[in-house]
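For reference, the structure is listed below as structure tokens.
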Amino acid sequence: MIIVMSRRATEPQVQAVVDRVREIGLRPEVSRGEDRSVVGVIGGNAYAYREAFSHLPAIQEIVQITKPFKLASREFQPHNTVVDVAGVPIGGEELVVMAGPCSVEGEEMLLETARFVASQGARILRGGAFKPRTSPYSFQGLGEAGLRMLATAREETGLRVVSEVIAPADVELLVGYVDMLQVGTRNMQNYALLQEVGRTGKPVLLKRGMSSTIEEWLLAAEYVLSQGNRDVVLCERGIRTFEQATRFTLDLNAVPLVRELSHLPVVVDPSQGTGRWSLVKPMSLAAVMAGANGLIVEVHPKPDEALSDGGQSLDFDTFRRLMQDLVRLTEATAGQPA
Amino acid sequence: MIIVMSRRATEPQVQAVVDRVREIGLRPEVSRGEDRSVVGVIGGNAYAYREAFSHLPAIQEIVQITKPFKLASREFQPHNTVVDVAGVPIGGEELVVMAGPCSVEGEEMLLETARFVASQGARILRGGAFKPRTSPYSFQGLGEAGLRMLATAREETGLRVVSEVIAPADVELLVGYVDMLQVGTRNMQNYALLQEVGRTGKPVLLKRGMSSTIEEWLLAAEYVLSQGNRDVVLCERGIRTFEQATRFTLDLNAVPLVRELSHLPVVVDPSQGTGRWSLVKPMSLAAVMAGANGLIVEVHPKPDEALSDGGQSLDFDTFRRLMQDLVRLTEATAGQPA
Amino acid sequence: MIIVMSRRATEPQVQAVVDRVREIGLRPEVSRGEDRSVVGVIGGNAYAYREAFSHLPAIQEIVQITKPFKLASREFQPHNTVVDVAGVPIGGEELVVMAGPCSVEGEEMLLETARFVASQGARILRGGAFKPRTSPYSFQGLGEAGLRMLATAREETGLRVVSEVIAPADVELLVGYVDMLQVGTRNMQNYALLQEVGRTGKPVLLKRGMSSTIEEWLLAAEYVLSQGNRDVVLCERGIRTFEQATRFTLDLNAVPLVRELSHLPVVVDPSQGTGRWSLVKPMSLAAVMAGANGLIVEVHPKPDEALSDGGQSLDFDTFRRLMQDLVRLTEATAGQPA
Amino acid sequence: MIIVMSRRATEPQVQAVVDRVREIGLRPEVSRGEDRSVVGVIGGNAYAYREAFSHLPAIQEIVQITKPFKLASREFQPHNTVVDVAGVPIGGEELVVMAGPCSVEGEEMLLETARFVASQGARILRGGAFKPRTSPYSFQGLGEAGLRMLATAREETGLRVVSEVIAPADVELLVGYVDMLQVGTRNMQNYALLQEVGRTGKPVLLKRGMSSTIEEWLLAAEYVLSQGNRDVVLCERGIRTFEQATRFTLDLNAVPLVRELSHLPVVVDPSQGTGRWSLVKPMSLAAVMAGANGLIVEVHPKPDEALSDGGQSLDFDTFRRLMQDLVRLTEATAGQPA
């Protein structure tokens, strides 16, 4: 942490800062520039003590110089983490496609979708049983009945299953049915939930909060990791910006940047990130070239009968063409830009 | 709901939309402009069916024309709601000030603060016992011990008490200690939590999500209201924008606008909303003139020893001057601009 | 400037940074923390040399520690600047109200408006003759004819006149007609224009760019000031955020913050900042309590016949009530919260 | 345009809206829903008259249903525009790479860069002679001397040349030296400049304003097109969001979406869009898969000696590897996802 004094700071004011640093057991290092003085504060987790300086006079700014996340950082672990989802590795050579309906709406449609996406090369089935909906009057999901349908589909197709959990009390229930727990964008800072999924042995798909910085996202991962669960897959799904022509702004910059900062695998959700099915294919291909380890895509046999998010779901035919293009692309490029 | 056809839509394409409207039991009304056709869709909650049109060809846009919130809307209830917090009315003539430390850090500091803010005219004591912190390594609050200290402070000073709840499982515990349950910005779309607080008889202080639109905020209120709990106080606390000179951008526009759209009372948090104690007084006074029914302000006996958010907390002397200015202002203006 | 090395930086990598600092004539100061080393770079305008380090290995971050604006800063000039607009002082004791139509649409309507706003206490007439419109098909203003009407209105009413200039080539023309040149939000980073207005002796009303940080805004002022023109009035007019319920998000936080950082006066435009006439009065009163030195308000005799921005213009009756409330407020509070 | 009445609108209030529609020569069409009435307004450019309704009582909302851009829209021109930049076509089969230094800093470095990028397959040389810098104390470019160096480099290498123009008065000068005029992000709504470049016969590279919606961007193109210049190339270069880990958020969503809405070619600037050279390669490849017709990339022989933007410039070696990957990618995929 660095404390920048204002240009007009007097010597006693600088000294007061130095004294405070020593009081809290840290080491001060004063640097006197032409313009102003700067006090370096040395010691473990110094930034946690920033409040101790917040009301001292003649301080212009307090600058944090170390990243607040540890277990999630590449400085902590240089090699890539590969998360094992019941035998399907995410973060290795293979591009992993997760696909399925936004919500589980019934057994028949789910099985039909599962069979189809499996036949095209998807490895993991997605489908929401508990849905966090903006309006209390919208369809809220089938709950445990939906989980049972997902389990049936897994049995029949060999696909692994990922589904969202929205309350700490439901974690145990989900663990009995799915291979990976999804924490959605609206719950990325639901710390009670993060700690609960951190206590399980299940891989966690952690979606980025729609208004979360990359640092906050990695700190959310840190909540899970620090409970002992090291199997976190990050998922970029679009951030909220002033642009309303797309539902969100899919931030593909985040993909290569997070791979620099962290060892955790990153996947991309082009369905949520754009909100328009016609943009899903180009943005999927773009995500792969940006360095994504996988994709999570909404697919529905009849998107215009979907109970949620039909407008961003692919129908079977479009999904088939997406998978063909992905195969062509990954063969040609060996999958990764780096 | 209105479905805008593209300029090049053929007659059969328009007809397909009309047929679909009828299929789902709604009433179509076609309007043929010079440029393009538009299909009005008439019937209760038509927008809920928008997915049914999402993959039909030659549709340019689907426009929602009714607000999705009901119980929270002024159309539904024209007169102002006054929320009774154990005898303190929010939403009436009086400007209600809630004050106290960001976190409950110990009994002595809490009592000292409570006595002081009560002596200056505050009516409600704030203080976090369960803290949603961005980093898992930050102070997470004293939990139930903190709640007991709040109860003691209430007993001694007569102040009412508001405190944040961050998990559905804790709601019952909080209900035993506090007069108003706070749902924080990071949990505004934690629907399991909203439903749980909606089932209690306690007033709810619902902070705006830092990236939530006003519509989403009112829909979050709708979650609480639709469970039968009509005592919701909205709290504007700053939104996330590109501007980083302040911690958040306190959106005072939202105050008069929400009062147009809704009958619920609105209070403002200038401490969270700016992140800088030196801005708290001007923004508090501004909030009152914008039409706020109350303020929630962080106060700490020694802000630079605070365990959280010291940089935005007022010390006693500054709080005293704020209260003096508020009294002078409300006397001069009778409190409300309208 | 401070250069933060990565945790894994080797001694030769740190040394390479130190050598580079010396090469470019600045003074390095190395601080070795527990976790990582940090190199302070001392010397005038060090941050301008940051590119010199951008490709050296093992650097984690480069942190700027001095503000890049000088002439605009309160560190440079501690006392408030009062800008004299042909005898009307902005930045002193008096709250200055500027009012008038969005666009000058004709002489009659302009004179009628000017007479009315003068009778209510406004001191400066606003009105656009050159309009920067988002669409090339919208009304673009009356040009010089509009300026002549403004001059006539000034003559008749004694009001001073402010009008927007949108091209460097028009500056000389405007100077012949107006008392203050307005640079609009879309041109805040039109540096050719800023330099041109900086070369005149006219006061400049510098609106904040709708996506400009406070730092960029003060740097835009610096362009004008550094040309020798010290008469800059800053105008907060709303920033672009995700919230679309209001046209922009009026950032009142910026008012007290800019008054801390700078000696220049600050006024607020609640018409542009909200885009809704019903919000203009509460936000005007709020702006005054936040510390604004003045207001600029759109007024139109018949807002629903306006050629631009009628939806955010006050009619005469509403403007009268606003002025009454402002008088009551400034009398009661002596105008300023500080 | 559609006018949504409030639920409590009376019959005379609806009638007042209908009368106003007729007064201004448009055709009303009233639709009475269960909940509220809606008045469709039919006729050319109806939305331009929205102000006429802004102060009528009992209107809830006015909804625009036609896009305000015409010449730029795909509805107007279904086939792709191919812009001919002195023989180099942008918008056709070929992926066009523009490369060069952020600023022209001297003849030697420019020639060295031009020769290198040409040898690797770039077709157009970029380089700023007039630089719009946030601070008046930063390097502002070499002006006409820089343009002469660009012309020399063109002569020697056969590369075409693109350079930014920042003032209407400079357009004629630039036209004498360059093959394509660049309008930068800070000038996207500098309408005097747009009109001036629209009057030339030179192709225009129109960068997206950093806070401009896609609609505003296409309307800026409309300013150029409506002056008779049909050779506009759009350039996505990152938007301003809350995320500060990258300099801007490169919005690749915009690429396929603009190609749906418009017939104009779209290129991407991954240097400006990310602000970090290490992200340029993955984001370039991603941009191609998203459907970009070209790339504009900053390259510098010694990025850490650059006078501007060194941190986002590629050195020669990295640029070579980028071009190799681009060739491999475009061969494998035939360049376009669609």
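Chains here go by letter, A, B, C and D, matching the order in which they are written, and residues are numbered from 1 within each.
The criterion applied here is as follows: contacts are C-beta pairs under 8 Å (C-beta built on N, C-alpha and C of every residue); 3 or more make two chains touch, one makes a residue touch a chain.
Fair warning: this is a prediction, and the values are worked out from it, not measured in the lab.
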Quiz item: What are the chains that chain A and chain D both touch?
Solution: B, C
Quiz item: Based on CA centres, what chain would you say lies at the far end from chain D?
Solution: B
Quiz item: Quick one: chain B and chain D, Cα centre-to-centre, how many Å?
Solution: 38
Self-check item: Interchain centroid distance [CA atoms averaged], chain C/chain D, Å
Solution: 26
Quiz item: Quick one: chain B and chain C, Cα centre-to-centre, how many Å?
Solution: 30
Quiz item: For chain C, what residues touch not just one other chain but two or more?
Solution: 211, 240-242, 244
Quiz item: Touching chain A in the complex: which residues of chain B?
Solution: 20, 45, 48, 50-56, 68-69, 132-138, 166-170, 186-187, 189-193, 209-211, 216, 219, 222-223, 226, 240, 277, 303-311, 315
Quiz item: Can you list the residues on chain D that touch chain A in the complex?
Solution: 211, 213-215, 239, 241-246, 249-257, 260, 273-274, 276, 278-279, 281-283, 285-291, 325, 328-329, 331-333, 337-338
Quiz prompt | Touching residues on chain B, where the partner in the complex is chain D | solution = 2, 4, 6-8, 29, 31, 33-36, 38, 40, 42-44, 61, 63, 65-66, 75, 211, 240-242, 244
